[in-house]
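Shared between the two complexes below is subunit A, which pairs with subunit B and subunit C, respectively.
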Partner chain A sequence: MVRDDLIIVKDLKKYFPIRAGLFGTKGVFVRAVDGVSLTIKRGETFGLAGESGCGKSTFARLLLRLIEPTAGKVLFDGIDLFSLSKKELRKLRRRMGIVFQDPKSSLNPRMTIYNILKRPLEIHGIGSSKEERLNMIIEILEKVGLGEEHLNRYPHELSGGQQQRVSIARAIITKPDFVVLDEPTSALDISVQAQILNLLVKLQREFKLTYLFITHNLMVLQYISDRVGIMYLGKVVEIMNTRDELNLGKVYHPYTAFLMLSIPAVDIRERRRDKIIVPGEVPSSINPPTGCRFHPRCPFAKEECKSKEPPLLEIRRGHYVACHFPSITEEKLTPYVEERMESIRRLLRGGS
Partner chain B sequence: MNNEILLKIEDLYVNFRTDEGIAKVIDGISLSIRYGEVLALMGETGCGKSTVAKSILRLLPKNAEVRGKILFKGTNLLDLPESELRKIRGKEIGMIFQEPLTALNPVFTIGNQMSEMFKIHKLRIKRTIQEEVIELLKNVRIPDPQRRYYSYPFELSGGMRQRVMIAMMLAGRPSLLIADEPTSALDVTIQAQILKLLMDLRNKYNMSILIITHDPGVVAEMADRVAIMYAGQIAEVGPVRDIFLNPQHPYTRGLLRALPLGHKEERELENIPGRVPNLINPPPGCRFHPRCPYAMERCRKVKPKPVVISDEHYVFCHLLGGE
Partner chain C sequence: MTEKKRKAVGVSMWKLTWRRFRKNKLGMAGLVMLCIIVMVAVLAPVIAPYSPIEQHLEDRLQPPSPKYLFGTDELGRDIFSRVLYGSRIALSVGVLVALISAAIGVTLGLVSGYYGGIVDEVIMRIVDIVWSFPSLILALAIVSVLGPGLINAMIAIALTMWASYARIVRGETLSVREEPYIEAARAIGESDIRILFSYILPNVMSSILVLITYNIPSAIIIASSLSFLGLGAQPPTPDWGLMLSTARTYLTIAPWYSIFPGIAIMFTVLAFNFIGDGLRDAIQPERVG
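Up next is the complex of A and B:
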């Protein structure tokens, strides 16, 4: 039986200890990921967004078990990821890939493209002869829009976009089910970003890949993802469908609403002088605020928000919100987000 | 905003001598900024937008050769002796950068560094320098300015550091602020706060702002006019509304259609084929021609002159006519 959910995450936590002072301070932690539960469906792109320090990259590394969790569970196609032995984990890794933001630092500068792409094949014992592997490498290079002529080049001889294509080829050469894309286009120019996003969509369809797409760029998020999770200080505050909800502005957590409203108004007709802006900055995740972590910045916070942590509840089919008072956001902010998203659609209709 | 010109760039050429040859980074551009106006220079990596900003303040490295005129209130900045320019730089023309941490000295307190501004430029003050500095910090909405006066740069967040840079720049009451990617290193909610702050200050002090950015969102949010740059040439310049809703240059059109608006199930993003050219041997004529789907013989030979689309909207493209 093929499971609908490729990845199930249950109450996942990662605390990093901090060593401070001469003797080290015991019991002080950065709570990078602090109790996240979600599922990623087979074949979808799950977009995870949030600002720096919200824990999104730590979360991604946990899903691939590149780091060990403090608590919680991850089921990868039904397999309990953290109970695997090293050997079993290595076997499973063949089914996972990752692409990082900066291809320059994630590609070994002293290896040719051929050698970079040969490594994963060797590690996982894929291909029986040198020729077979070479053919696989050429095939994958062509799939990502490069070619045989790049085999003996070094990363520094390629442009940023081409380097990112190599990173993508490396991530998918083992024919994985699941690929983590950690800000894959954030270091690229707009026109190159467009090429890479188009490529990722094409590869996903062709190889039936499941993506976890991490980004702080909300425009990219609303374009590429099928479902979206918004993180704030180690917690997921909202999960929803992209096309029917996020892109129509139907968001119910005040933080999500503020994020979407901070997308600059590309449609100049929507430029308003009295912009809605969230006050303050993200607090430290060493001593996160009590209750709802967003309460110190939330203009609608009440007593309850300071003391009681809101659970992530399903308010509509498939739409989860962690807020005590989603109806306040719905009344005060959602209309503006809807208007903003409508203006983007209008721009698309009229602008081409 | 009045219609008088504050800064006028005329036929600016910048070449860099490198080991591989001479890179022709800016290829004869002309631009002007009015009093109180926000002009954006937008383009992708290597288009020369930062070079333009740096040539205004003569902050280019020694291997740069600059030709042309940069008239600030009628004075050609390129002709001024260094001692005269120093009076303008940081005082009449302020500048903020992408990464404020590298622009601030890590071993001095915020108060100390900001006080320097008053001393170097011998600014007139109404109270003690410390009070003036705290007033400036209040102006950029830094919470608890009395305490922040004694903070070191590393104790502040990225957003707060950028506020300090803006406050420092405000000390000289500049008539022109050059902002080079001022929010690119910041998170979106902080970016929104800083952009709003800049606009509020522009309105309060009637400053002109030259904003250098790769982000069309920042342009749409802030600028009155925008110049789109490609490989050291201006492709198109005009009011932001005209450029965004009625782009004429094939490069501008491609760039806007490459933006990830909408959803992947609804549209594929537009691709601009090819790569940015090497500026040591740039393509002759219109530098965009090797990537342009409409390139004609003329484009390969003759550098396009501006074609008027409407009022202040100019396009440098042979497709749209011209002689």
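Up next is the complex of A and C:
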């Protein structure tokens, strides 16, 4: 069963020091990622959601070791990522890719599409001749819905959707195992979003990719992911299975429930009802609240929540939650969430 | 056949810059002026009626005439020929100094901005030291250590000018470094050296180019000043600064002697400044009006 886990994250932490005063740091840190443990299974799409600034993107960069962690471990197919030398890491990069949010700024404006896609092949010594590489590049361009005519274009000559297709092509041209998608559709038009999502699903099937899909759009997550993790202030508060039809919408953390209920209702009948939104603002991650980090915003918070931090525990098979009183949420909020999920599912089914 | 088709598309940023530059009247005027100077420099032996060091002692300090278009100097040398040949020295001094100082400054600026930390601190403090002196004074000091001569003067000027490249390139590197495409480059396994020279350098190149076109005229002026003070080009080199230096003795009796080299310097400096302005506006159109 170990071979089934492509990524294993153990107690991963990243604190960013804040420069205070003339003499550098005085022990003040932003705790962007504060002790995250999870596993991503081979071939699945793991969705990661949370409000802006909760550490999603930092977490993604840590998984690919684009930044160095403060503490913790990441096993990539059994390889301890943070013990690798620079050279070994560069070699392993062939097996991972990343697509960023802003398609325009993630492509070098001074390079043609051909050169952008040629570099990964050159770095990893894929293809032996120029012709062979050119053919591989054309092939991958066609896979992402572009063509030979785009080879000698510059990024600024393409539309946002086309740019994002190039980004995707660059990430998968080395046939990686694992691709991080850091809000790949957030900067695109709604109509283009759907095209890109469909493309990603198609590519995943074809190349047997494992995705970490980061977004704050829960609708998108419902559509694309197998499992979803919810992050709040540098911590994962709930992990659930979105392919579990029977228990869809069964949530145990109040934060998850509020997030789900904040998805705008499409059904007119539902819209009339009072909206339920997450109360309050996200506290600063420089001085996160003691105990459960959600307690200042939680309507069900009790004394225990203020002092004791809840661990992430398996409440049902494959369903993890970090809350002292999951049954309260289940009882008070789950019915609403289930109803909302049902309407979204109807919409998705009816729409396609 | 497909190769040809592919070349038709693909408008690089440089082509766009050129399109915008072409619409700039002053910039195009500068370019035409520069073309004239370059042609004069290349064709000097063909155009010049005399050798620049050929003395006509019987025709000393002659005013401009059909025989000597710009008059003659105190040794009877043809000022027109000397001004023509002087363009070779001015251009090579300007371009060489700008390129040497750019090579030093750009490398240090890239390293400083990309790596940060101690390396950055050290390089930037050296830049501060160099910047705290007026460039002519610093160049004077360096030349007096190295000894007078055109080559030493060029080294001295390059050593005073690299600092501005280092500072500008460092600043640009700091911002380009944070662009997602740099992170993407790292994610596909690019090495640091490669990121510095194929990703960051092309994206800071436009500012470097603008700075070079501004630095060429400053280099020419400083070189002329050093020659004027006797520390740059040595006689009988037909250097414009040197000519001005000797001409000032005869300012009242032979004003043409100083006017023509002066005009030549002004013409060259203006050409580069016009090009520099046009280039800056073409590269950063958002900063214009």
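The rule we apply is simple: the second predicted complex is superposed on the first by the 334 of 352 C-alpha atoms of A that agree within 3 Å, B and C clash if a C-alpha of one lies under 4 Å from a C-alpha of the other, contacts with A are read in each partner's own complex, and residues count from 1 in each chain.
By definition in this document, a contact is a pair of C-beta atoms (placed from the backbone, for glycine too) under 8 Å apart; a residue touches a chain by one contact, two chains touch by 3 or more.
Just so it is clear, the model here is predicted, and its values are computed rather than measured.
Student: Are subunit B and subunit C a fit on subunit A, or do they clash, once the structures share the same frame?
Tutor: Subunit B/subunit C on subunit A - fit side by side.
Student: Return first, second, both or neither, reflecting whether A:Tyr211 touches subunit B, subunit C, both chains, or no partner chain.
Tutor: A:Tyr211 sits against neither subunit B nor subunit C.
Student: Looking at subunit A, does subunit B or subunit C touch a larger number of its residues?
Tutor: B
Student: Give me the angle at the C-alpha centre of subunit A between the C-alpha centres of subunit B and subunit C, rounded to the nearest 10 degrees.
Tutor: Once the structures are overlaid on A, subunit A sees subunit B and subunit C at 80 degrees.
Student: When the two structures are overlaid on chain A, which partner does A:Tyr320 contact: first (subunit B), second (subunit C), both, or neither?
Tutor: Neither partner.
Student: Check the residue A:Arg243 against both partner chains and state whether it touches subunit B (first), subunit C (second), both, or neither.
Tutor: Only subunit B is touched by A:Arg243; subunit C is not.
Student: For A:Tyr252, decide between first (touching subunit B), second (touching subunit C), both and neither.
Tutor: Once the two structures are laid over each other on A, A:Tyr252 reaches no partner at all.
Student: Applying the touch criterion given at the start, work out whether A:Phe46 contacts subunit B, subunit C, both or neither, answering first, second, both or neither.
Tutor: The answer is neither, since A:Phe46 touches no partner chain.
Student: Would you check which partner chain A:Pro120 touches, where first means subunit B only, second means subunit C only, and both and neither mean what they say?
Tutor: A:Pro120 contacts subunit C only, not subunit B.
Student: Applying the document's definition of touch, where does A:Leu64 land relative to subunit B and subunit C: first, second, both, or neither?
Tutor: second
Student: Pick out the closest CA atoms of subunit B and subunit C after fitting on chain A and give their distance in Å.
Tutor: Superposition on chain A places subunit B and subunit C at a least C-alpha distance of 12 Å.
Student: Could you give the residue numbers on subunit A that contact subunit B in one complex and subunit C in the other?
Tutor: Subunit A residues touching both partners: none found.
Student: Enumerate the contact residues on subunit C facing subunit A in the complex.
Tutor: So the residues of subunit C in touch with subunit A come to 2, 6-7, 9-13, 179-181, 183-191, 199, 202-203, 205.
Student: Quick check on the complex: what are the subunit A residues that touch subunit B?
Tutor: It comes out as residues 51-52, 159, 189-191, 193-195, 197-198, 201, 216, 218-220, 222-224, 242-243, 247, 258-259, 261-269, 271, 273, 275, 277-279, 281-282, 344-345, 347-348, 350-352.
Student: Which residues of subunit A touch subunit C once you look at their complex with the stated criterion?
Tutor: Checking each residue of subunit A against subunit C gives 61, 64, 66, 90-91, 93-94, 96-98, 100-102, 105-112, 119-120, 123-124, 148-149, 151-154, 156-157, 167, 170-171, 174.
Student: Which residues of subunit B touch subunit A once you look at their complex with the stated criterion?
Tutor: Residues 44-45, 157, 159-160, 187-193, 195-196, 199, 214-218, 220-221, 240-241, 244-245, 254-265, 267-272, 275 of subunit B touch subunit A in their complex.
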